[in-house]
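Two complexes come next, and they have one chain in common, chain A, joined by chain B in the first and chain C in the second.
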Partner chain A sequence: MEYVQHIVNGVLAGFLLALVALGFSMVWGILNIINLAHAAFIMMGAFLSYYMWQKIGLDPFLGLPITMVALFVVGFLLQKYVINLVIRASLLVTLLLTFGIEGLAINLALRLFTANTRAVRPSYANASLALGSLRLPYTLLIGAGVTILLTLLLYLFLDHTWTGRSIRALALDRTAASLIGIDIGRTYALTFGIGAALAGAAGTLIATYNGFSPGSFDPYNVLAFSIVVLGGLGSIPGALVGGLVFGLVSEFASVYALPQREVIIFAILILVLVVRPTGLLGKRGYNI
Partner chain B sequence: MRCSRSLLLRLTLGLAVTLAAAACGSNNNAAKNTSPVSSAPAASATKAASAAATAAATSAASAAATPAAAGSPSAGAYTGPFDGTILFGAPVSLTGSTAKEGGYTHDGYELWKDVYNAAGGIVINGKHYKIDIKYYDDQSNAQLSATLAEKLIKEDHVNFLLGPYGTSPTLQVSTVAEKNQIPMVDTNGAAESIFKQGYSYVFGVLSPAPKYLQGIIDMALAQNPKPTTVAILSADDPFSVEAAEGAQKYAQSKGLNVVYYQKYPSASTNLTAPLTEVKNKNPDLFLNSGHLEESVAIMQQAHQLDFNPKGFGFSVGPSLPDFATTLKADANYVFGATQWTPQLKYNGDDLFKTPANYAMMYKQRYGVDPPYQAAESTAGGVAFVKAIEKAGSLDPKKVRDALASLDFVSFYGPIKFNEIGENVTKPMVVEQWQNGQKQTVWPLEAAAAKPLWPTPSWSQR
Partner chain C sequence: MNLLIFLLALVLAIVVGRPRWPRVLRLGALAALVVLMVAAPYISKSPGVLFDALTAMTVAYGWNFIGGYAGYPAFGNVAFLGLGAFVAAGFMSKQPHHPHLPWYVGITLGVIITTLFSALVGIVVLRLRGHYFAIATLGVGIAMPEIINWTAIFKSFFGGGLPLNFPLVRGFDLLGLHLSADRFFYYLALIAAFFSVGLTAWLSRTKFGYSLLAIRENEEAAEVMGINTTIAKVEAYMLSAALAALGGAIVGYRLTNMTTESSAIFNPINNLQMIIIVLIGGLATVWGPWVGAVILFGIQELIQTLAGSILEWQGIVFSAIIIVVVLFLPSGVMQLVRARARITWQLFLHNLLEYRV
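Up next, the complex of A and B:
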């Protein structure tokens, strides 16, 4: 019966991880950029939520639209004026560029905000919904809801709007897309912006769940990367499934082999890739 | 851009110091002095200037942070000239996972330097030597710390080494110190494995790791209802493991039943699985040895999972101000091990005198109460001053021997090293957060308040 709590823990953590991976997956699948600045965007989202809560008492989840719009703008501008300069270069170049941006952003944050550990603590922080002997933390429940909502919205956007379809078209064939009149530069920037907005949302969730400082976001790049690979590149449900699997595996690995947890998680990742190289739900091309 | 302006400033500073040192040096009777002493300061000043140019970003922090000494020194500030400089090297984590603690270490060194310089620096044979410290940021990376220590010794020609923050970097840096036979005072690395290496040039002012959680266990056993079971959750870095193993052995020797003992990958903040397991075992006392971010995560997740032992005890975390500012009310009732608190009653044979006075001086300069990491860093500097003045020389071997024979009480506590360089004379202290205030609750002689036990459950708060 104790396992149910573990399943709950794993699933709730999994939703958080899925949101972390969602933006990363989009940017990688469509722009073919492995965005190492993803962790920096998550950090920015966390700090923005923190300061809004600190200064004007705005609940972090209510402030989520503001955080996402702000991060969207940051991502859009960054792509349009900086990353766009190397967009046609090899993957390695964009990797280096985004790596540099991440280093710059995190150290800037360290200078501006100092290394203090902070957390966003609305009144319901750390309180849990009690179902019998189970405990479901409110912040994670809301986070799970947010993740599901955003995943759904993203899916609908990419599938049912012209802008969304133009993004998918771009991923399929860049030349053909420009031939039919899609503004490549603007579409790339839009995609990157959406990726950044999703990262910002993940940051907000993380800020309510854990204490954080500028240096605590480094692990999220590797996590996002691993989840996307596991769930399948080029698939939105893949990011969700990947996140949930990751969360559950992480939780149960911690129960049975806590010191070797990381080894087990990545061993399973490698195993999945050996059996299914495109990941659990991956398809070639960004076909949702 | 920023780089070249800072470079220009440093070269000008270096030039000014060189000219001043040369001017002062020419006044001295150079023949009688031990030659390394008089030539080293001038050389190290220019070396410092040129080496600083290559480390613009990291050293800029220390240059900006050392204006005229802000701490209030005791009787009459020294206004005379310095006959030379003694250069200390310090690889410290200013970024990365232990950036906060590294910052406190840096601040502790700076306070020591400025207070002692204002009082005349280090005096050898009647001559006053200015203390200077060269920092590099080891980014909380142990291997990098060792590399930077090599750099400090080989390129910057430091006379002595001040320890980094954390056991892992200290382990690596201690090897570098020993290999180069440069005396090093370890201020923030508590693992016994550092001292078990059989080195003779490394001395630690802090209490070693296995002792960390023993104070909390003793305190708990003196409470009513007396605990009978204990769960130990530890990070897997060398320091945390030693503290956990020391706690496990000690708990068992005192008749406690250790119902859970596990290690998690260091710096993990997702600990819901082990906490759920621990909750099912229902221990009276919960002990963790790890670092700040983990302690915060554990308390948050303990609240979420509704885990209610009679007492929470941490080796690191509760002693730091961030613990309570982040957790707010959830920090109450938590016990933390600490090397030192401002409420202790030592009468130190140094310029800080008492813990309360040190706290006042630190707060005046930095605006917050000093955590023990800062105090033990300052104490490391104080130990060096005592040893150098006792040796009457900067010769590494002589200073090493002087360090080995130190036996005095500082504001930080008694400092006396055993044959392997450990300071076994200083006891570990226990604090508890009560109503948003940190109180020293153990040992009883130094306690400012009684421990609150048992901890009320989350739903009752």
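Up next, the complex of A and C:
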């Protein structure tokens, strides 16, 4: 029975990780950018939820749409006026630019908010649903629901709307997309904005689940990357599957008191990359 | 005073690095630069800042091989900086169960062992390209402190979670000449920095240097031309690790007491710093890291003089510099130094708009 509880914990944490990876996967797959500022967006989402909860008592999950809209605007403007300037340059340039944005955001947050650990604790934070001897914390349950809902919405958006289809067209062939009248700069900005909004949602979930400080978000870039690599680039279900696998691995790693989560994730990442390098490097034409 | 030294070191390096100017002038500037740097600890009241600049420069020269010449975006070289420091400390420490070897043996062992370790890492991660390589190396940087703290394997060699101490240096005597600890460390760093410049100047003109550039431009073409790209890449990675370890060991030696939490060692800022230095100066250039380090530390010194304290602002300033340089001067200051035409604001505008959509 104890194992069932661990599996449930791992799956619930996995949904949260899947949401962390979802926006990252989309930006990587469509813009061909490894967005090292992703963790900064997660941090912004966490702080926004925290202050809305603390100052006006807004429930973090009810405030989720506000957080997502705010992060969408940040991401949209950033892509439209900054990253779009270098998007055709070499890989090192986009990596360094997002790296710089991440560093700027996190260090500014350290100055503004200090390095203190905070947490969003609504009244039901410590309560959990009891199923027999199983315990399912409400915050994680709602978080899993949010992840499933957002994944579905993203799928419907990309598959059933013209805007979504133009985003996918852009990922396939930028020149062809521009020939049929898609505004490339705007569509890129839209994609990046959605990625940032999803990161903001992940930040809200993390804030209700864990304590956080500006410095605690750094590992989420490597984590998101690993999940995407494991699940498959540019695949929405891939992010979900990868997240669940990592959730379970982290849970059982802590049960058996193995080294820290980062090391295990890194080991899995290297293993996947080395065992199937051709499969993973198969996608050519990165310099779109 | 330090500001003046930084300014002179910048101007002289620019003269040396400008290919259009007469050879005599450039050699004269090089000689003046050497004299200036040797005399610096006797001119400056606080050579500590100069020491920081020189060690950071050494580490950056290392990164220049893999990130600049070979064009592989390595984001985790801080791992080798830290490993170099910890291995050297493990061999030099006077604490129980440590061999307490002399400093030149300890630092050499630190560099050699780190370089060998980097070869193992390199063989694995250099099979990856582009984004995959960048993130894998980022992971190496994150995992290294955890590995060093892995007491099950290393017992107390790396301190076992407790501080690991280099022997304290009070002074240094060489042929009747007495150096204070500060000056001893300064000259150690200066030798490392000059060694890095010389190594880069030499290797960039060898077949090895050109094969790295060929790999950066087109790896398949390089392979077809008969370059063993795997070996060349691993060698570049080992060089980057060796210089990172050298700089790290010297930094650690001066710091004396280390844990994996020490801000001088496994600090994300250190990881950023080497990349920014190369980027400001210019990727794959001999004098780029020198110019970059002098500018970066000069700016810090300036802020320090004006604002009093730099530490809280360091991360913000560094990140802002990355963003500005990437947007406006992606080829670094050396682009201006090597420019043939007159430099106008249009150059920056051109850089900014060249790759837009």
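We adopt the following convention: the second predicted complex is superposed on the first by the 257 of 288 C-alpha atoms of A that agree within 3 Å, B and C clash if a C-alpha of one lies under 4 Å from a C-alpha of the other, contacts with A are read in each partner's own complex, and residues count from 1 in each chain.
In this section, a residue touches a chain if its C-beta (ideal position, glycine included) is under 8 Å from a C-beta of that chain, and two chains touch if they have at least 3 such contacts.
Predicted model only: the values in this text are computed from it and were never measured.
Within the superposed three-chain model, A:N210 lies in touch with chain B and out of touch with chain C [touch as defined at top]. By the document's definition of touching, of the two partners only chain C reaches A:I34; chain B does not.
Once chain A of one complex is fitted onto chain A of the other, the partner contacts of A:A119 are limited to chain B, with no touch recorded for chain C. Judged by the touch definition given at the top, the superposed model places A:Y188 against chain C, while chain B stays out of reach.
In the superposition on chain A, A:L110 contacts both chain B and chain C.
Once chain A of one complex is fitted onto chain A of the other, the partner contacts of A:L269 are limited to chain C, with no touch recorded for chain B.
Greater residue coverage of chain A by touch, when chain B is weighed against chain C, goes to C.
By the document's definition of touching, neither partner reaches A:T161: not chain B, not chain C.
Shared-chain residue A:L91: touches chain C; no touch with chain B.
Comparing the two interfaces of chain A, the one with chain B and the one with chain C have residues 107, 110, 259, 262 in common. By the touch criterion stated above, chain A contacts chain B in their complex at residues 2, 5-6, 9, 13, 107, 110, 114-119, 121, 125-128, 130, 135, 137, 140, 209-211, 213, 215-216, 250-252, 254-255, 258-259, 261-262. Per the touch definition, chain B reaches chain A in the complex via residues 95-97, 99-100, 103, 140, 236, 262-265, 268-274, 276-277, 280, 292-293, 296-297, 300, 303-306, 322, 325-328, 330. In the complex of the two chains, the chain A residues touching chain C come out as 28, 34, 82, 84-93, 95-97, 99-104, 106-108, 110-111, 184-185, 188, 218-219, 221-222, 225-226, 229, 259-260, 262-263, 265-266, 269-270, 273-274, 277, 280-281, 286.
Note for the complex: chain C touches chain A at residues 67, 71, 73, 75, 124-125, 127-132, 134-136, 138-140, 142-143, 146-147, 150, 268, 272, 275, 279, 283, 312, 315-316, 318-323, 326-327, 330, 352-357.
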